[in-house]
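Two complexes come next, and they have one chain in common, chain A, joined by chain B in the first and chain C in the second.
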Partner chain A sequence: MSGFSVTEPTPRSKRIAATLVTLYAVITMIPLLWIFITGFKSPADAIAYPPKVMFEPTLEGYVNLFTTRTRQTQEYLDANPPDTWYEEIVRQYDMTVVGPSKFGERFFNSVIIGFGSTFLSVFLGTLAAYAFSRFRIPFADDLLFFILSTRMMPPVAVAIPIFLMYRQLGLSDTHLGMILLYTGVNISLAVWLLKGFIDEIPREYEEAALIDGYTRFQAFYKVVLPQAATGIASTAIFCLIFAWNEYAFAVLLTSATAQTAPPFIPTIIGVGGLDWPAVAAGATLFLLPVMIFTILLRKHLLRGITFGAVRK
Partner chain B sequence: MAEIIIKDVRKQFDDFVAVRESSFTVDDGDFFMLLGPSGCGKTTTLRMIAGLELPTSGQIFLDGEEISQRPPSQRDIAFVFQMFALYPHMNVRKNISYPLVSQGMRRADVRKKVSEVAGILGIEDLLDQPVGGLSGGDRQRVALGRAIVREPKAFMMDEPLGALDAEFREHMSLELRALHDRMGATTVYVTHDQLEAMQMGDKIVVMNNAVVEQFGTPREIYDMPASLFVADFIGSPSMNFLDFDGAVEAGSSVASLGGVEAAIPEMRESASGKLVLGVRPEHLRLSDSGTLRGEVLATEYLGTTQILTIQTPQGELKARVASDQVVQIGEVTGLDIESHTVTLFERDSGRALRSALNEGVLSRG
Partner chain C sequence: MANPVDRVAQATPPTIARRVRGLSDRAIAWIFVAPTIFLLLAINIFPLIWTIKLSFTNFKANRIGREVKDVGLRNYERILTDSDIWLNMQATAHFLFWTICLQVLIGFTLAWLINRKFKGNDLWTTIIVLPMMLSPAVVGNFWKFLYQPQIGLFNYIVTFFTGAKASSFEMLGQVNLAPWSIVIVDTWMWTPFVMLICLAGLRSIPDYIYEAAEIDRASKIRQFFTITIPMVLPFLMLAVLFRGIENFKMFDLVVQLTGGGPGSTTELTSINLKREAFEKWRTGYASAYAIILFVTVFGLASIYVKALNKVKER
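Now for the complex of A and B:
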């Protein structure tokens, strides 16, 4: 029997920890799983009681999500047999597809606004954080506090002034307006997070690059940026999650042109009864980009969270 | 290769003066040490030569050209950092080739040059490894490689051995000195370790509180300190200081310390008031006829020598004597001072008084 280690957890406590974490993950995953499953149910199955776990999957929800439909007379339906797989699904309810829904457009708006504002926040945040970290800026502490103070109340608290301002400036219901707004909210987070990361990068790296014959900007670009990749990635994830999920301003400031997916998805319910599968399908698709983005940057994110905790 | 002239250079950060008007010259091919306690301005001075800080005033000449306000990329000076500062996202080869890439050198030439440098430093096997896994010594070699690969006019080294284990430091310092002798490159080396400075340097500048205290060869600095600070900072155990109130005349070669007459080198200037007589521990001899008498408080055995702590009416002294000399604690003994090695200082200014011993050295600086 070997002696036990004081710092290493024992196999038994490792097993217990693993079980607890798995359990927690399962519990938090169930709602997501349920949304995912509901997307493939028929409307009847979706509201069945007791809830159905076993059911016949159908793409009805997805078809309803992406199309607008209208009820037709029997003569019309008989005269025009269904020519596509989605038309066939719709025909069960004596309906025909008359065109695409707004979902694709709204989803695309979300992508432009979400990624656009994330890029802008991280871009500006990195430059500002670098400046705060490396240069002697007068009143740097006050400025940093001022930047942070924009997050000291819920952004919605200033919804009315922003609404009026945007109307004056012609930014209401524009992509640019939403990108600027989300950037404005995210930039303080980005500056603070990134400043922490850049502070951790020893100045000597840049100085070495300066000595090696590079300009200050080249040193920043070639030496600091690769070192800050972890911080930039985790900051980008946080910014994207906020911009992607933001609901209140999206409802208030966007309608016909720049509406994003979050205010749109609930409106699906109203189109022809409580269409839960379509809502679930919308929610599932809505989750995907953030999920993919996070998975792509996961390696950085994990390192990012523990960054600075232990000096190597 | 080049001569570096520092002329009245001053550096101020807001209200804090890091370096006060300092001047010295680094001759072509010198291995030049900037020595001093932490915060004395030696690193700032080094960084000003390299261009990482711009002096508030004063001039720096490299090879006759005034460079004090130029960016580092236009100075042709290499810098070795204490923490090595190897680019962590690049392997050894890329790290070493980085300065050449910035000059736009052709890839084939870069490769050739890098393997040549790797050969000099004995790191050919490491070229394709990431720098993360290297030992301290190997990192140091890579950092040196990055510095020598572009054949700069001068090298700046900021405590390059500070991050290494004591055992390895010795080895690396020999390697560094050998490398310098082989290339003959002007090198400015910052350290707070007086042993390192004595061991490796051709010339030493001792700095304290933002000013240059003394500038000279290791021998001059050790034997003829220009100030109390230098005398105290260099040598271990440091120089003994015997305070006395009195006067010495130019031309006299005797000082009176609280009733005891001590022989000193012939003075070249007169002084009076609070004075200090400085004598190195190895220049004290146990002697029954000695005029200075005291009680042995402690002995430290160091192998070939031993350090005795002796309480005299004039003050506590440390003496370095051969270890085979039998000395009992509590014993009262007489001490002889090797008079030609003694330096007198003014207590308040800390300045060394000119005498036959140090005349040549002090008048220069």
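Now for the complex of A and C:
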């Protein structure tokens, strides 16, 4: 401790602040924890009143999430004893597993579309950001306002012409169509964030490289890219999270082949009544990666969510 | 040196290498920017122009063969005189007003507390931030479960603290409660956003200002109102701008929670727009609606940004 400072809060005020913030954090976590534990409940436990905190955990929700099942006659069940652990769980309800559900497919679509559009946004975004940062390009100053204004249009409104355009081009309900759309939505953010990161790399580095006989392209590739790696990575995670979470375009423009997980998870309810444990299991698997990325990203969070307007 | 670029450089035939070497900065600038510009034109600008064009017609996307007639400003006229749409606007305004008020209040308070730099504040900040990074549709869908009367956790907790019967109220089913149910979830989800921006604002205030105030014997309360608040205000206003734009176009969370119901009490403009465009397939009409919404947000945001810049200049 470096002596007395008038701006340092008193220990008592720190204690009060810590208590209140912890309390808020705990309250904020309740819904998320509830999703997590509901995934391990049996359907009966999930809808018990009062809500159960203590219960016997089961993988029923996860089994129901990944499989389609059908009811069987007693003779059939007696003749075919269960041979796997998940079959055994399903047998409690006189059912057998007949195949995988669509969840795996939808989840995989989310992965392809998420990573595909992220790669494309970051690749094109880095090139454009470098050009915006280092060369004089007309209208570059209006870029931020342009980005903001493209975000003012409700996604449902954007979906109307995109829907018509994709129908003409045969891109409706395709992976490529969704990748291009998410890239188009993300790229302005990506360019803007990356421009901020590249602006921070001193020009002198490249100039030295150019004098050493590098071409402009080599200087970009060998000097700027490694310096911007952290910025590129955090931009990538932002693009990924956006594409991963996106719902409005996905629900309006995809129906089968390219449907992602967010429009799918809520429809699990329709199958065999209200299957909340399966919904919770799906939500858990879907939300967990983002939580992990958020924790990794915490230092760059502010910059990304405010389009670089607040840098910290 | 065996790094990839050198290898590529050596493997490239001399003629091509010379040509690439010869690229001017100007050419590189255009090669780098062109794909992005193209994509923005294709995904952002072109659809906008198309929407404007459609808004003057009676086009219906589900009937392709039908003759498309030019109806002039009829669509705009009908929307602006439709009393149902004004109800949707009111629902949106209610949602906007209360979410922003609550988020600013709670978000600022949290930031102000966290700025005390107590032990473990980083950990708690990260935990508090989690909800806003998650998929609103998936989370909204699960909140529907929490809101269930009788079995839902939310009703149980309210019962626990107030003694009201758990089955006596339905957050999503009652006309007077449903607008608040979406405000609660949005506040839960997005308060951390306001908090993060306020925190950045608080951390940008240099210590010496407070030290000077202390020497002048300004009270803590006075310091709060004459230093803290004015210095954080530009940040807070920025947070409000972002939340305002986002919540004006709110769709995923609310459509999953209430679907606009009961009746049309939580039918925000985006949800109404979806009904017109993708359920009734009145594409021309919906396009006009979309343009009206866009102009509204754009106009309000422009005025707001002007005000923000004035505050920043002070």
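Following the convention adopted for this analysis, the second predicted complex is superposed on the first by the 257 of 312 C-alpha atoms of A that agree within 3 Å, B and C clash if a C-alpha of one lies under 4 Å from a C-alpha of the other, contacts with A are read in each partner's own complex, and residues count from 1 in each chain.
Everything below uses one rule, namely that a contact is a pair of C-beta atoms (placed from the backbone, for glycine too) under 8 Å apart; a residue touches a chain by one contact, two chains touch by 3 or more.
Computed from a predicted model, the values in this text were never measured in an experiment.
Undergrad: Return first, second, both or neither, reflecting whether A:L59 touches chain B, chain C, both chains, or no partner chain.
TA: The answer is neither, since A:L59 touches no partner chain.
Undergrad: Once chain A of both complexes is superposed, is A:L77 in touch with chain B (first), chain C (second), both, or neither?
TA: neither
Undergrad: Applying the document's definition of touch, where does A:E207 land relative to chain B and chain C: first, second, both, or neither?
TA: A:E207 contacts chain B only, not chain C.
Undergrad: Touch test for A:T215: chain B only (first), chain C only (second), both, or neither?
TA: After superposition on chain A, A:T215 lies in contact with both partners, chain B and chain C.
Undergrad: Quick one: classify A:I112 as touching chain B (first), chain C (second), both or neither.
TA: So A:I112 meets neither chain B nor chain C here.
Undergrad: Which of the two partners, first being chain B and second being chain C, lies in contact with A:V223: first, second, both, or neither?
TA: First partner only.
Undergrad: Comparing chain B against chain C, which has contacts with more of the residues in chain A?
TA: It is C that touches the greater number of chain A residues.
Undergrad: In the overlaid three-chain picture, which partner chain does A:V191 touch, first (chain B) or second (chain C), both, or neither?
TA: Touch status of A:V191: second partner only.
Undergrad: Would you please give the residues of chain A that touch chain B in one complex and also touch chain C in the other complex?
TA: Looking at chain A, the two contact sets intersect at 215, 218.
Undergrad: Any idea which chain B residues touch chain A in the complex?
TA: Residue list for chain B touching chain A: 50-52, 71-73, 77-79, 81, 83, 85-89, 98-99, 102-103, 146, 150.
Undergrad: Which of the residues in chain A come into contact with chain C in the complex?
TA: The touching residues are 5-7, 9, 13-15, 17-18, 20-22, 24-25, 28-32, 34-35, 38, 47-51, 124-125, 127-128, 130-132, 134-135, 137, 148-165, 180-181, 183-185, 187-188, 191, 215-218, 221-222, 241, 244-248, 251-252, 261-263, 265-266, 276, 279-280, 282-283, 286-287, 290-291, 293-295, 298, 301-302, 305-306, 309-310, 312.
Undergrad: In their complex, what parts of chain C are in touch with chain A?
TA: Touch residues, chain C against chain A: 3, 5, 9, 20-21, 23, 25-26, 28-33, 35-37, 39-40, 42-44, 46-48, 50-51, 54, 61, 106, 110, 113-114, 116-122, 124-139, 141-143, 145-146, 148, 150-153, 156, 166, 188, 192-193, 196-197, 200, 203, 207, 210-211, 214, 235, 238, 242, 245, 248-249, 251-252, 256, 269-270, 273-274, 277-278, 283, 286-287, 289-290, 293-294, 297-298, 301.
Undergrad: Of all residues in chain A, which touch chain B in the complex?
TA: Listed in rising order, the residues of chain A that touch chain B are 202, 204-205, 207-215, 218, 223, 226-227.
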